[in-house]
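Next come the structures, one after another.
Paired with chain B in one complex and with chain C in the other, chain A is shared by the two complexes that follow.
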Partner chain A sequence: MSILLEARGLDKKFGRVVALDNVSVSLRRREILAIVGESGSGKTTLLNTLAGRIRPDGGDVFYDGGAGLRPLSALGELGLRQLQRARWGFVQQDPRAALRLDITAGGNIGERLMASGARHYGDIREAAAAWLAEVEIDPSRIDDLPKHFSGGMLQRLQIAATLVTGPELVFMDEPTGGLDVSVQARILDLIRGLVRRLGLAVVIVTHDIGVARLLADRLVVMQSGRIVEAGLTDQVLDDPHHEYTQLLVASVLPA
Partner chain B sequence: MLQASGLYKSFLLHLQGGVRLDVLRGAALSAAKGEGVALSGPSGSGKSTALRALYRNYLVDTGEVLVQHRGAMVDIVTAPAETMIEIRRETLGYVSQFLRAIPRISALDIVAAAAIDRGVAPDEAREAGTKMLARLGIAPRLHGLPPATFSGGEQQRVNLARTFICDWPILLLDEPTASLDAGNRDVVIRLINEAKARGAAIIGIFHDSAVREAVTDRQIHFQLDPHEKAMA
Partner chain C sequence: MIGYNFAYLDEQTKRMIRRAILKAVAIPGHQIPFASREMPLPYGWGTGGIQVTAAILGADDVLKVIDQGADDTTNAVSIRGFFARTAGVRTTTHTAEASIIQTRHRIPEFLLRADQIIVYQVPQPEPLYKLEPSRAAAKKRHALADYGEMHVKLYEDITRFGRVAVAYDHPVMVNERYLTSPSPIPAFDNPKMHKMPALQLFGAGREQRIYAIPPFTAVRSLDFEDYPFHPGRAPESCALCGADNSYLDEIVIDDRGGRMFACSDTDFCESRRGETP
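So, the complex of A and B:
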């Protein structure tokens, strides 16, 4: 599989805080990469930089949209927005920040389709209903406002709204972060099934090692803005070499 | 099929004041087509570490592990991650001591997934999964349930079914019969011998001597570190 996304030598500072310090990482098609680390390690900054939502101070992110790896910085504002809308998806930790709570569930999904060019009302509504079913929301709730949905349902709605446009690359920021454990399992199972079936490439940020183990082919461990360890998920977690990774793994309570 | 040599592996335990454990000190092992090889030796001698190194679950410090994959010998110690993932999907089967249950996924889906990953049609994979679970004595009423609540022996049989549903060229087995009764143990012996007859290379740790004698042709003996022996 060829490389889809690659970061080379990313640097980013917020004031005097170093968020990214010479970070390089790559992602292949259909690959699931987890970024783990504690709060403040730079993992969310890395995700946002890979997704073109934050511009690095140094280094660049390259993406292969079919004609070889090209730097995001060469795309321009408009080109980047088009890419983010048409070929990429982003699942945020808080679905309330990503969805519009004052329009219907079906509208939230349909809006994304319309933004990428769909015009036929019947088709859009049909796709929205199909995606609600896909994320295990009763399609009869298509005209309900999401503000009456539970946290888990909102997260599933966000996933449907993200995947309806058929992205090839999806970024996820702690997608199960604020949810109850029982609800988490359902979301993880859903993500796992969809990602495999649709052949998506995914970069997922999580502080939960169990989530990384369940979903990711590979993982990188971040500390103080640097990648301190990287490799196959089970190898890094079962045979951690870096002191910080050993601490992360040792800090998990066995189930 | 598999040839490993010069394996050195130490664990540097940062959280225990930087203690260093030298577990593998130049280990070498191999298995040919249709051959069964037992890793033997006392507890703590490194056989389990060696087996994990053959799957790159543990990364050795030096040495090579050559695996015949797609007609060529590939060193899995240095292979890129995506090659390793491909090798684990197509060439190297591994039965761990315990099943890692996934919430909400049924026993049958866990078993079928391995075959589906290798390109078998989902219906066919589920049919084969049903047969394999039945062969390992998992009652049909359990097939649709997530194994998290199963007994240890049942979980291990799901784990075995998941591996034996595919025809692996190389099979790594870490005490595959540890929690099984005599009847199921005999089923596993037959499954391993069928795999060997098909040409699979088997490398395993078998504490049960009856199983070891039934499925292996050769033993590789691991010894305790002389320093540790002196301390014991």
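So, the complex of A and C:
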């Protein structure tokens, strides 16, 4: 499988705080990469940089949109926006921040379609209904406002609103954070099913080793803005080399 | 006009406004910032329109001012009186006689000609302001022609009301490039902007913006392919002149629920009835 996204030598500082220190990472097509680490280790900064939401101080992110790896910085602002809203997706931890709560579920799903140029009301609505069913929300709720939805439903709605444009690469920032355990399990199940069936490449940030083990093909472990260990998920988790990874794996409660 | 410069504003100010107008005409639909002056009327009463009119007014121009289509409301009478006094120009209520028409919230029913200029009073020049509260971000969207999300509002309207419920200030694409506010004219008037022979100038005093639609420029109202733009109109005829193709005002005439519909364009209505004052 060819490389879809690659970061080379990323540096990022917020004032004197080093968030990324010479980070290089790559993602192949249809691969799921998890970024794990404790709070403040730079994993969300890395995700946002990969997704083109933050410009790094040094290094660059390269993306293969069909014509070989090209740096994001060469895309221009409009090119990056088009990429982000059609071929990429971003699932945030808090769906309330990503969705428009005063606009119907159908409108929320249709927003990315309309932003990418869809101008046929009937088609947009049909796509919205199909995606509601896909994420196991009753399509009859298409005209309901998301503010009446539960946390788990909101997260599923956000996933539908992200995947509606058929992206090939999705970034996820703790998609199951803030949900209770039984809902978490269903969302993870849903994500796993969709990702495999649609052949998506995913970069997922999590502090939950269980999530990484369940979803990810490969794993990078971050500490203080550096990648301290990287490899296949099972390999890293079953035989951690770096002491910080050992600590992470050891701190998971036995099932 | 003793005690005033011609048309109230000093020459340097008029020159600054003319520069903004020239720039606006060169980039149809694009908002040009200008140093809006304090005018002797409150914001929201047409300070933008009055400055544009002052800057383009010449001694032999004939001025018409309408407010919601009417020539006889306070706002229209005052602005007409203002220019009659400070510029000594001839004023009229007849659309066909005027060379400059300053308007608040309507386009006259009579078709405008290439030798006329229409000046709109604009309260909010930014069509994206409900979608994008940040002016910097809105400017970026204009620069990138990134307007897709404007359709979310239309989608919501069709979903909730079965049709687009924007009755006025329905956003338009000018020259297929800039999304533009037509000022709060009824959606009924939007089609008149398309390829209008007259020059259309827009002045927003409080917001300090001028923009323009040059003659014969394409103006398209936003819509969906399967829900085309529909200029709304009350399904009645004018009770005074009988017109069934003009924009109507609904007027309450007693306290027992009685009401009548009459043309909002008073000049159009009067000329149809043969009353020419």
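Basically, the second predicted complex is superposed on the first by the 255 of 255 C-alpha atoms of A that agree within 3 Å, B and C clash if a C-alpha of one lies under 4 Å from a C-alpha of the other, contacts with A are read in each partner's own complex, and residues count from 1 in each chain.
Heads up, the rule we're going with is that a residue touches a chain if its C-beta (ideal position, glycine included) is under 8 Å from a C-beta of that chain, and two chains touch if they have at least 3 such contacts.
Because the structure is predicted, anything quoted here is derived from the model rather than measured.
Shared-chain residue A:Asp143: touches chain C; no touch with chain B. In the superposition on chain A, A:Phe14 makes contact with neither chain B nor chain C. Judged by the touch definition given at the top, the superposed model places A:Leu78 against chain C, while chain B stays out of reach.
After overlaying the two complexes on the shared chain, residue contacts for A:Gly106 are found with chain C alone; chain B is out of touch.
Using the contact criterion defined above for the overlaid structures, shared-chain residue A:Tyr121 touches chain C, although it does not reach chain B. Residues 1, 28, 31, 185-186, 188-189, 192, 213-214, 217-218, 231-232, 234-235, 238-239, 241-243, 246-247, 250 of chain A touch chain B in their complex. In the complex of the two chains, the chain B residues touching chain A come out as 11-15, 52, 56-59, 81-82, 84-85, 100, 102-105.
In the complex of the two chains, the chain C residues touching chain A come out as 140, 144, 146, 148-149, 151-152, 155-156, 158-160, 224-227.
Within the complex formed with chain C, the chain A residues making contact are 77-78, 81, 100, 103-104, 106-107, 110-111, 114-122, 124-125, 143.
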